[in-house]
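Multiple structures are listed underneath, in structure tokens.
Next come two complexes built around subunit A: one with subunit B, the other with subunit C.
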Partner chain A sequence: MSLLDDFLIRAALAGLGVALAAAPLGCFVVWRRMAYFGDATAHAAILGVALSLAFQTSVFAGVLAVALTMALTVSTLSGRGHAVDTLLGVMAHSALALGLVAVSFIDGVRIDLMAYLFGDILSVSRTDLLVIWGGSTLVLGLLGWRWSALLTATLNPDLAWSAGINPTREQRILTIALALVVAVAIKVVGVLLIAAMLIVPAAAARNLSTTPERMALMAAVIGGFSALGGLAIAWRFDTPAGPSIVSLAALVFTLTALIPMRQNARS
Partner chain B sequence: MTLISLQDMSVSLAGQTVLRGVNLSIKKGEIVTIVGPNGSGKSTLLKAIIGAVTPSAGMVTATPGLVIGYVPQKLHIDQTLPLTVRRFLSLPRRVDDDRAMRALERTGAAALAGRQMSALSGGQFQRVLLARALLHDPDILILDEATQGLDQPGSAAFYRLIEELRAELGCAVIMVSHELHVVMAASDRVICLNGHVCCEGEPEHVASAPEYRALFGTGTQGALALYRHEHNHAHDHDHTHQHAHDHEAAT
Partner chain C sequence: MLFDALFLQLGYNASLVAIGAGFLGIAAGVTGTFLYLRKQALLSDAISHATLPGVGLAFVLMALVGGSGRFLPGLLLGAALSAGIGLLCVSALTRRTRLSEDSAIGAVLSVFFGFGIVILTVIQTMSTGRQAGLESFLLGSTAGMLFNDAVVIAAGGALTLLAVLLFRRPMGLVAFDPEYAAARGFNVARIDLVIMTLALAVTVVGLKIVGLILVVAMLIIPPVAARFWSDRMEVVALLSGLFGGLSGWAGAAISATAPALPTGPIIVLVCFGLFVLSLFLAPGRGLLAALTRHLRFQRRVHLRQGLLALAQGQPIYERLTLRLLRRAGLARADGVATDEGRARAAKALRDEKRWELVRSDPDFAAAALSYDGLAGIETVLTVDQIAEIDNRIGAPREVTS
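Let's look at the complex of A and B:
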């Protein structure tokens, strides 16, 4: 295991782990227009950080619990006809603000807030790596298992019902996957850039794809490339790693956006 | 043979009663059309049949193993979702090329297999949706305003296709429509709905029923008069028959 002694190798593996799970999930976030939903869940994570420090549990567990609560609350409330964008606006920023206030109460431990807001990929430990790859595998497993049902429910809830699929259940599975990705990504890109890891590679993959499967695959490739490339840039030019990863993904998006959409392309 | 029956079924959505005490049974091979003003619970009735809404009272029973082919009212496919017609047909269950092409040919959409769903015209889209509903040899086709967005010749052709399919496959058809004049001619049975079943029977019978005319106008029962009412769903709220019609109840 001497390879994992190198912090750069650990960082690369962590970035790759997050990117691979975030990309296909990000496709659903894009298709279902849940971008703001992803943002809200991620912002709530800082509250999870504060709580886990206060109760001295693992950050992963704290973030997962809060992100899950947040995501389930929003998806339940929005199902009851509340205006979703207002609801998300209220909950996302309240959770972020509340989290920042809560963190200030925790003295004794001097915590580096920046590390949670923008990630601290270079300090990833072996345990973190295990958590990240465990979470990512779980997310990919969930998505792979429910793929057809999730796609059908994304197209139209009634179409799903008529095929014996409960769209509410599928929505819940996406919600759980989202909370998992937020919890594993916080160390890598931080609270403020998690949504970018979900959306940017998926959006960049759109113009290169004629089927949903290809889009998910391309998003994973672009996400993985951005993670490794961003890390290399950060190392070479001494820039912050998380933002460098997202910047590179944004560059790929810009390049693919120049390709005219292949609307009528035959697959 | 009865495929689906509703017994005294009521549905409430968000605290509002949308359907009250609906009794209905669909037999093998018949074309049943549901007409009614906006907000009369037509779509809700179909949703209850496919299981998308749960009745608050009463029962929906279907023959075990019943295969339903469902054509939704509207299907918006987001520009961000790349999806070919062929791939769409394999959702959620994979179908082989042979079966997919046969269904597309049946609805005149064979040339569209490689096209992106979001690039189809309204008429092409409806044909693809219908092809998808036919894939698994349905016992019953359920169509919710399937001709929305089609012009008159387009929807007339669509209904002719439905009749042909019924003759060919022997499936039952239940559909909701605004286009009274076209639909009435193609149906074996018409159900006039307004929160409850106002009247039902053969098209001629329903068209002359006082309950129907209270909803769709008191003028002549000619096709033209029916057609005119399609554009204006103003109803005579002072009509005298004894049912309470709460038009605002459902949306």
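Let's look at the complex of A and C:
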């Protein structure tokens, strides 16, 4: 295990793990227009951080609990005629504010908080690595297991019903996967940039692909590339790792956005 | 201490900040109403996050020119510029690519934000420009605010409020019915731009107090809370302004009482408190009102079904029905009707018979439509109509053999 002693290797593995799970999930986020959902769940996660710091439990568990609660509350409420996006806005920012105030009552976590807001990939420990890869594998397994059902439910809920698939259940599976990714990614890119890890690679891959499977694959490749490249940039230029990863992903997106103009013109 | 702060007794700067936050809150609440009605509340999320690179770049620029990098108007100008660019990016992405608007917003806000963080980190390593305190733009802070900054914020909040008041008519029209507004000769695209500009102004002015992560909550939460109380747009806008102003002022005052309390989150929490109050207490749309409405309806259904059962001599097994009948003095504890109960039951049965006829007769189609199953027949039909129905049914007669 001497390989894992190097913090840079650990960081690379952590970034790769998060990117691999976030990218295919991000495709669903883009297809189903759940971008706010991911963003809001991530914002609420800071409340989880605050709670777990206060009760001295594992941050992963706290974040997972809050993210799940948040996600399930919103999906329940949204069925009752409330406008989802405004509801998300209200809930997410209130949870974030509550978390920040709660943190301000706990002594000595000022530095810690910044690490959770923006990620601290270079301090990933072996346990963190285990949690990250465990969570990512779980998300990937969940997505792989339900892939065609999820796809059908996304494409056309009526079609899904007739094929014996319950779209509400598939929605809930996505919600759980999203909460898992948020909990896992918080250490790597931080609360405020998780949405970028979800959306930007998927959006970039969308320009390059013709089938859903290829888009998910491309998104994973782009996400992984951004994670590794961003780390390299952070190492070379002494910039913060999480934002560097996101900036690189944005660059890839800009490049891919230029390509399909030609393809679209041809087809 | 808290009361001192609320009534502006806590020093000149703190008072100025509280007033400024109040103005800002009112402006944010009213602007937010139009955003909310135009269903663009989350575009403001992109605006606020997109301000960060502008703040950072403005700082670098001003530091390089040789001044103090923390000159607030300069920073705010940079913020406004980069937020404007962010808005352009969102609209370009939505129009030019296959991305839906929410993905475009998500992508722009996170990328701008990430880029801004990179710049902030670069600034930390710079040797000039007094960079300390720049992070306060993220979460907002009133502690250690300079007098000039407080003046800029108070004036900015007041100016924004004034602009909102000036443009409230056309904005309301567009928010409500864009086509009608266009027919009336208003340029909808330009008015949308005005709304966006106002949102941008609120965001930028609020950066220093509330912080860019949470300033958007000032635009989103007050209108949602105000919407519970009224269906009229003017009232919603006014209430929303009131909620916003209240939370800005109270939040700033509360956070001034202790240096460790972050201003932005406190303001947003006060706002959220108002939202929760509205959610439960508002008449009409609030949860409590809905609950009482539901219970009252349930009671009426149970009473009516109970009366019908009494009239037809059927036993009542439902406990709630029995209890309601007993409490109304219509039945005894063993489920036998009292005299009044019998009278009411007879009427209920006769009304039921009348309704049967109303429903089956096309002449009464209009009346049958307005029947919800519970309203008394006298409240729906006229005396003449009832008389005619009774004529057809026939009055109670003696049994003759």
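Just so it is clear, the second predicted complex is superposed on the first by the 256 of 267 C-alpha atoms of A that agree within 3 Å, B and C clash if a C-alpha of one lies under 4 Å from a C-alpha of the other, contacts with A are read in each partner's own complex, and residues count from 1 in each chain.
Convention: contacts are C-beta pairs under 8 Å (C-beta built on N, C-alpha and C of every residue); 3 or more make two chains touch, one makes a residue touch a chain.
Every value quoted in this text rests on a predicted model; they were computed, and no experiment measured them.
Once the two complexes are laid over each other on the shared chain, residue contacts for A:152 go to subunit B alone; subunit C is not touched.
Contact with subunit B, but none with subunit C, is seen for A:215 once the two complexes are overlaid on the shared chain. In the superposed model, C is the one of subunit B and subunit C that contacts more residues of subunit A.
In the superposition on chain A, no contact is made by A:140 with either subunit B or subunit C. In the superposed model, A:9 makes contact with neither subunit B nor subunit C. In the superposition on chain A, A:162 makes contact with subunit B only, while subunit C stays out of contact range.
Using the contact criterion defined above for the overlaid structures, shared-chain residue A:39 touches subunit C, although it does not reach subunit B.
Contact with neither subunit B nor subunit C is seen for A:173 once the two complexes are overlaid on the shared chain. In the superposition on chain A, A:98 makes contact with subunit C only, while subunit B stays out of contact range. Contact with neither subunit B nor subunit C is seen for A:65 once the two complexes are overlaid on the shared chain.
In the superposition on chain A, subunit A positions 30, 33, 203, 206 are in contact with subunit B in one complex as well as with subunit C in the other. Within the complex formed with subunit C, the residues of subunit A that make contact are 29-30, 33-36, 38-39, 83, 85-87, 89-90, 93-94, 96-98, 100-101, 104-105, 114, 117-118, 192-193, 195-196, 198-200, 203, 206-207, 238-240, 242-247, 249-250, 253, 257. Subunit A makes touch with subunit B in their complex at residues 30-33, 81, 148-149, 151-152, 154-165, 203, 206, 209-212, 214-215, 262-267. Contact residues of subunit B toward subunit A in the complex are 14, 47, 50-52, 68, 70, 72-73, 75-78, 80-84, 86-88, 91-94, 114-116, 118-119, 142, 144.
Residues of subunit C touching subunit A in their complex: 36, 39, 41-42, 45, 96-100, 102-103, 105-107, 109-111, 113-118, 121-122, 125, 135, 138-139, 213-214, 216-217, 220-221, 224, 260-262, 264-266, 268-269, 271-272, 275.
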